[in-house]
Amino acid sequence: MSDNSLNDLSRRLADFARARDWEQFHSPKNLSMALIAEAAELVEHFQWLSEEQSYQLDDGKREEVALELADILIYTLRCAERLDIDVLDAARRKVEINERRFPVEKVRGLARRAAEYEPD
Amino acid sequence: MSDNSLNDLSRRLADFARARDWEQFHSPKNLSMALIAEAAELVEHFQWLSEEQSYQLDDGKREEVALELADILIYTLRCAERLDIDVLDAARRKVEINERRFPVEKVRGLARRAAEYEPD
Amino acid sequence: MSDNSLNDLSRRLADFARARDWEQFHSPKNLSMALIAEAAELVEHFQWLSEEQSYQLDDGKREEVALELADILIYTLRCAERLDIDVLDAARRKVEINERRFPVEKVRGLARRAAEYEPD
Amino acid sequence: MSDNSLNDLSRRLADFARARDWEQFHSPKNLSMALIAEAAELVEHFQWLSEEQSYQLDDGKREEVALELADILIYTLRCAERLDIDVLDAARRKVEINERRFPVEKVRGLARRAAEYEPD
């Protein structure tokens, strides 16, 4: 990973788990469960809000949302580390895939499920 | 955000959305839904595997998992950007919270739901 | 379970799994993962739609949504069966809890996160 | 729906929402979010348990799990009701689809992602 800050964070998370003897629980399978549970806490903040309201969070709510996003990033890095995956590199490759897959002239202003754009 | 690589990626994702006129769909509410849908694709890879098997993915599967983690990171950054949240900073603050909340001597080797550790 | 139709369906699902020797994979843990993966497929149908649009599905989409809801019900029943839980009875008890927890005069027209209504 | 008990429950849930003026929040989009948030609470119970442990819940935990499954059933019925979908009928049709899609002789003892069984 060419990214020092993400690298540092990932190492700190590994140290945190090791110090608590929690690596035994941190299989990729279990971490995928923890990750989606955190993603659901993000969803919960927005479930009864309109789209407009979801932009206009008060300070307390915005900080709660920031910490949910933090938890998601934390488990994403943990899962990547356990599988020796460079997630930043993977994200860059995924953006390139998306740029080829969704050419501007074809999809401008249209939001459909990705599957509907699959090549025939 | 002190992190150039994450910053660059986040900007590139915003450009990608703007070029396709997709920002209209990218409310925090909608992005939380897209994020959890990607988290579920990660879960799907592991749902019928044992914990041991979840470490030992063949190359094809490992690359698929890398791209799911990439999608999760992408939507995490998108959601943070829409709410003007610095997710890397939030993650560092969250780690500090966790270090205080789960002292080594109290939780070593125990994995329970976070709620069970809440102060009374 | 006093409900013959749900009972019948639950039994048929158990037979289906046994005939394929799939019960070995159907631990409550794994079934919770399969369940949330199906819930995410439901979410995916709605993620880029407005709330209004989410009511007005065309016939093809509506049938796809029906089958996602079916998958969710199927895994809910499977998980309940593995743990010897009567989910219909639990749902009735949960409605009663909710009726006490959210009295009409207190919550009319307000949708907030359940946690915010918890007794202090 | 030929099923009186599920029908009764679904009607009771609609009455509950109407009495609180909550139907305005119960779009299919929003209900899919609430549903997956409940599914995640189920996942959370199992995320650090082994598969074996996930069968052996103590009474308190088992009741908590029962109420999570209840919440999932409740939102499944709510979402179906809003879209005028008969979820029990859909589940029966889905079982028939699965019986054709996963013939016993082809899949016995193999648990793979459904996509891998798709006809070529």
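When the chains are written out, they are named A, B, C and D in that same order, and each has its own residue count from 1.
Here is the rule we use: a residue touches a chain if its C-beta (ideal position, glycine included) is under 8 Å from a C-beta of that chain, and two chains touch if they have at least 3 such contacts.
Given the structure is predicted, the values throughout are model-derived calculations rather than measurements.
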| item | value |
| --- | --- |
| Partner chains that chain A and chain D have in common | B, C |
| Type of chain B:chain C copy interface by residue overlap (half), same or different | same |
| Mean-CA-position distance for chain B and chain A (Å) | 2 |
| Whole-Å gap separating chain A and chain C, where each centre is the average of the chain's CA atoms | 25 |
| Overlap residues in chain D, where contacts from two or more other chains coincide | 25, 30, 32-33, 36, 39-40, 43-46, 48, 50-51, 111 |
| Chain C - residues contacting chain B, complex | 25, 30, 33-34, 36-37, 39-41, 43-44, 46-48 |
| Chain A residues within the chain C interface of the complex | 32-33, 36, 44-45, 48, 50-51, 111-113 |
| Interfacial residue positions of chain B with respect to chain A in the complex | 2-6, 9, 12-13, 16, 19-22, 24-25, 27-30, 32-33, 35-36, 39-40, 42-43, 45-46, 49-52, 54-55, 57, 62, 65-67, 69-74, 76, 79-80, 82-83, 85-88, 90-95, 97-99, 102, 104, 107-109, 111 |
